[in-house]
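Lettered A, B, C and D in written order, each chain numbered from 1.
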Amino acid sequence: MSKKQINVGLIGYQFMGKAHSNAYRQVGRFFDLPVDVHMHTICGRNEAAVKKAAESYGWTNYETDWRKVIANPEIDVIDVSTPGNLHAEIAIAAAKAGKAVFCEKPIGNTLEEAKSMLDAVQAAGVPHAVFHNYRKAPAVALAKKLIMDGRLGTIYHMRATYLQDWIADPNFPLVWRLQKEVAGSGTHGDINAHIIDLGRHLVGEFDEVVGTLHTFIKKRPLAGEIDANLGAKASEKMGDVTVDDAAMFLAKFKNGALGTFEASRFAVGRKNYNRFEINGSGGSLVFNLERMNELEFFDNSVPEETHGFTLIQATEGSHPYAGHYWPVAHIIGYGETFTNLLADAFTNMAAGTRIEPDFVDGYENQRVLDAVERSSETRSWIKL
Amino acid sequence: MSKKQINVGLIGYQFMGKAHSNAYRQVGRFFDLPVDVHMHTICGRNEAAVKKAAESYGWTNYETDWRKVIANPEIDVIDVSTPGNLHAEIAIAAAKAGKAVFCEKPIGNTLEEAKSMLDAVQAAGVPHAVFHNYRKAPAVALAKKLIMDGRLGTIYHMRATYLQDWIADPNFPLVWRLQKEVAGSGTHGDINAHIIDLGRHLVGEFDEVVGTLHTFIKKRPLAGEIDANLGAKASEKMGDVTVDDAAMFLAKFKNGALGTFEASRFAVGRKNYNRFEINGSGGSLVFNLERMNELEFFDNSVPEETHGFTLIQATEGSHPYAGHYWPVAHIIGYGETFTNLLADAFTNMAAGTRIEPDFVDGYENQRVLDAVERSSETRSWIKL
Amino acid sequence: MSKKQINVGLIGYQFMGKAHSNAYRQVGRFFDLPVDVHMHTICGRNEAAVKKAAESYGWTNYETDWRKVIANPEIDVIDVSTPGNLHAEIAIAAAKAGKAVFCEKPIGNTLEEAKSMLDAVQAAGVPHAVFHNYRKAPAVALAKKLIMDGRLGTIYHMRATYLQDWIADPNFPLVWRLQKEVAGSGTHGDINAHIIDLGRHLVGEFDEVVGTLHTFIKKRPLAGEIDANLGAKASEKMGDVTVDDAAMFLAKFKNGALGTFEASRFAVGRKNYNRFEINGSGGSLVFNLERMNELEFFDNSVPEETHGFTLIQATEGSHPYAGHYWPVAHIIGYGETFTNLLADAFTNMAAGTRIEPDFVDGYENQRVLDAVERSSETRSWIKL
Amino acid sequence: MSKKQINVGLIGYQFMGKAHSNAYRQVGRFFDLPVDVHMHTICGRNEAAVKKAAESYGWTNYETDWRKVIANPEIDVIDVSTPGNLHAEIAIAAAKAGKAVFCEKPIGNTLEEAKSMLDAVQAAGVPHAVFHNYRKAPAVALAKKLIMDGRLGTIYHMRATYLQDWIADPNFPLVWRLQKEVAGSGTHGDINAHIIDLGRHLVGEFDEVVGTLHTFIKKRPLAGEIDANLGAKASEKMGDVTVDDAAMFLAKFKNGALGTFEASRFAVGRKNYNRFEINGSGGSLVFNLERMNELEFFDNSVPEETHGFTLIQATEGSHPYAGHYWPVAHIIGYGETFTNLLADAFTNMAAGTRIEPDFVDGYENQRVLDAVERSSETRSWIKL
């Protein structure tokens, strides 16, 4: 093939590393890309673990020092999938080295970090992307299309929740995601960030917010050894939980819409309940990540006799992304949201056009996160 | 008021007696009827029980001999809500006495009884109705309207189940509904009769059937004393179950549609799962009695991008019957299906027009029941 | 019968008048009450309309001056179902006259009114009730029982929405419910009041709130003539909408639980979507009024292999209220929530015990409504 | 790595070819297999198309003559994914050449073909597998486990439907799947075969059946050119549809359970509605392929107060297959059902143990298909 080869270096090999690896491996199989994506190098500090990850996930090389990956002139794209406390340093170094930078969300652990990262990629003029992968579920992309086509008219409301329960047990140990110095925040940056992105993407920019971050369980057993998938061994010693267990806020969008947003890891029974509902004068939409191939649409132009919420299976060949996979109603999974994101990213990159979502989105997202955190302290509305 | 008063005599006071009483009491409160319905007399063999029922349900008089009710010249309508083995005798006597006859389904315990009952009401020229009340759920009436409006086009399929589990416990006693000489049949006449009626009502007449009736538990404890709501005391002695626990059949309709029908009292977890789906060239419909205010409609004329099953809340003021009750999505219940049936029946009766469903429907229904029973014996398709 | 007769006088004959009338008519038919409930007098200002209502709904007498109803020594209970601006005057007069007072919610148009009403019934020592009827849906009553039995453990979250769309059309006229001087507030008092009551009932007392009331459409055509069911004729002249179209707030409960509450009349496609979810350490509950016979329960004690949200049909004979009606999964409707409330109210009244919910609940509810309104002005959290 | 390399030759490159290719590519990435799976050669008659498929799907070589693939001594496994009329010849030749044979379902176009194929693999002593991939959805595998653990007790009922609508349009052309000489049968072999397999897998062997195959649209436009995904260009000439559009049958299982089975391509609105419900004395199960990560379970041992159907998200780490992918409720898709099947197949093959499902399953499946076809002709029950 005469396609240009793009060499990727992935920093991080845990949950996101596995998901991103799968997407790099699959993207060229389902999409006719303008480039050949090559899984060049995966990087992690634990050599045995990263070697195994390289073999399992299909990376040609592995490395234990991210600086060497960035220094490697063969590599075109640096994918930053480490815990949040390393994002800024790696991403900025990668940008300065002239690499495209694809980064997990939230891009920084603070608004300042995010700003410096955005400045870095803009100064360097390199392509940049952020993994707000849920935009790329076919049902969400269809929601976006229906909104852009005017099918929802004037938007009045968005209500979004991202509910999980994996730390509801007070004996769940103090893993890195519960430590502010590593993770930046708890539910807020981890999952509120996702629904804030969906709000910006589908409704528009935020105007002001009021909210609160809350920690139900303030001390937990220290984690023994962190495994590859969020799990951990418990220990007898206790440590302080320094991030939020739940974060909720009200919002007003610049276009006049109202919003409610709530993230929790204490919603017992809810596993990955990233659900939103948007109501407009022309109709309404409902999405739930746990049934990510489906979109509910109330079309207000349908006569009363037969109106109602329609369960669209966003799996038709004509739906966004879906035609690249299987026949209608043969569903795709979580992994494909990353594949779709990369398909878009490499296509834009090859064309020299803006990748969406990018560090601008990452930064704007973080401005909302930051405003909610400040509101939680001032106990009042904060203007963005 | 100058409206004509219609005096009703109700024979039977158990489950159906309670449901019918409620409907007679309520019908004039929600519908502006051309007549005044008066709850004249309720009749049952156990004087203490029927006296209590009269007081509880609001009947002016009670009686222990149904012949006296029929002989009473004040009474205009005889409602036959006894177990099936008494239907024919009472209904025929009532018809001969010139009374309107409203009868529970199936009208007879055999096809011969049903025929003699139909002959009797036709010979007497009296109004007649059969309580296939599910036709009168707003969602079912809406289904009928959509079909009559051509929204389903050519109908290809109906699949109907009526699933319950109240006798799945082998220790459930041998109540009258499990005895052929009283009940006529088991699930077949009790609940298959309902979905056969919906088939005739919504799709059309049956052409041929093949099916089987089956009894899983062939001996049960004798019932001690039957209470008002199907319950019973268990006994140590065992008796033979002489009716079917489940009955299923395939059908071809005269218009070319195919059907599957299944009734069971052994579908553990299913309580009142009277569900049908109808597929036509123009669209499809789904109904489930347990969510009887809802109808799902797939409109095949909607473009692929947003097509899907629409959950219609059949509670709009413009939907059949619904406008007589509450604002949209303030649901009605099972009791109201009888109220709606009576509203229609009294309106037709006053106008001298045919009540639907009537004994013709009861008889045609029984022809299908009978054909399935014969098919169960001959093990082959039976033409109707 | 030797039961004591209780004579009821109902002030108001529109939507709530119809619903309450049905409940007074039905309560003695499904429940074995210690008293005989007599529908003595209905009262409204429009004589022709109230006369028709008396006939339709089954009241023995009608009256056009509520003072005469209160003055009538035969009457034991005054039911206040007028628009909110008349509640306080009528209820206080009724209490002073020694009548039991059953009042629609919110009891007053202001917190001051509510306080004066509570003071009046307490000073008079008369029984009092408020129509927070949704407590009395079997599924909600089951939710309460499960919580009281400790099945939810420590409660972490409640999220409640009450969404409708009946005024989303900007041409919908300026009916009384959109006028502050009559209705007191918009969605806030009308439907947020309901979910606040469910919050107090199921989770506990509120500790602090932050929220906002919002009006999307600020001018509407003047209403011509108001009909019995919220409808209205449009007019060419425009008037100011003086109530909220939507109201949302965050809450902290005294027991440490977090809450989100949202009411809207602009949630296009949502008709009567009174939905709540409660998450506790032991499990979670979900209820939606549009499927009011169902309760979803996640039982955290079930092993992971088969855990999940269980769809309970709250229609078993052993479930609260349900056994008084039909066999399992033969559902009841909206009307029955009032019947159940009255069954409890008359039972408590006869026993001389506290009715729940009563004016204390009405007042506490209004304290929360008031705090949210103040928060909407101060743009900060308000302590209760 | 010291793992043995297994070289696969895939015959066929359309829909199933794409799905199988994905599974061969992915299986070693998510499962720690005892062998290294190498995608050696893909084969199809159209050189340009198969060359493109090889590149897209990741096969090292391509070939246009399947005999050459079988003759290649490097190749260990022959995967037969052609239209049904070529299955027997290829599979038998592969077996004779000592290759493992993995075949699409139904294995033959006739019972005789299936028997000769089974004989061939057994005579050759080679490993064999059939792609009844739906057994391998985590939710179905969980259903199997619950049944084997005795959670359903005595099974009374299975009702299964596999409903699609892709040829409901009478102008849909006469593609190969509508031609008996190529496809063998229509819905019957294509999709009834799947639910028959689920019946055998979950309930047990069939004892007798009665059913009918039906063709609604008997003439269709000739297909111009068949594309890779079931699509086709229409032509002006008409041809005879020689297969069934719908096939339905009743069944009795050897263990006494009753079954209803229905397949249709005329169920408008149903896209991939492979749904089953199984009722046993101990509980019930419901599965729908369109929500293939979910299983509904009614546990009859739960007290009445909180019993109901529980929506299990079969995505826990402890659920079959699920732990190999993502965290809980991060769903997998249709493609993964094949990946799971191959993971089992290669594991069994390496261990020298029976692969499930294999050609015995394929043959037994075909015995049921054949019995239903004969029943459709004799119009009576057929004993297996």
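Here is the rule we use: contacts are C-beta pairs under 8 Å (C-beta built on N, C-alpha and C of every residue); 3 or more make two chains touch, one makes a residue touch a chain.
Just so you know, these numbers come straight off a predicted model, no measurement behind them.
Undergrad: Measuring between mean CA coordinates, which chain is farthest from chain D?
TA: C
Undergrad: Using the touch rule from the top, work out which pair, A-D or A-B, shares more C-beta pairs.
TA: The comparison resolves to A-D.
Undergrad: Just the number, please: Cα centre separation of chain B and chain D in whole Å.
TA: Spacing between the chain centres: roughly 41 Å.
Undergrad: So how far apart, in whole Å, are chain A and chain D when each is placed at the average of its C-alpha atoms?
TA: Distance between chain centres, rounded to whole Å: 35 Å.
Undergrad: In whole angstrom, how far does the Cα centroid of chain A sit from the Cα centroid of chain B?
TA: Their C-alpha centroids are separated by 54 Å.
Undergrad: Can you pull out the residues of chain C that are in contact with at least two other chains?
TA: 307-309, 313
Undergrad: Any idea which chain B residues touch chain D in the complex?
TA: 156-157, 159, 161, 163, 165, 168, 210-212, 214, 216, 246, 248-250, 252, 256, 258, 260, 262, 264, 266-270, 277, 279-284, 298, 300, 307-309, 379-381
Undergrad: Which residues, counting only chain A, touch chain B once they are in their complex?
TA: It is residues 142, 146, 151, 297, 299, 302, 304-313, 316, 318-319 of chain A that touch chain B.
Undergrad: Help me check something: in the complex, which residues belonging to chain D touch chain A?
TA: Touch list, chain D to chain A: 1, 15, 19, 21-22, 25-26, 29, 32, 55-58, 166, 229-230, 271-273, 289-293, 313, 315, 317, 325-336.
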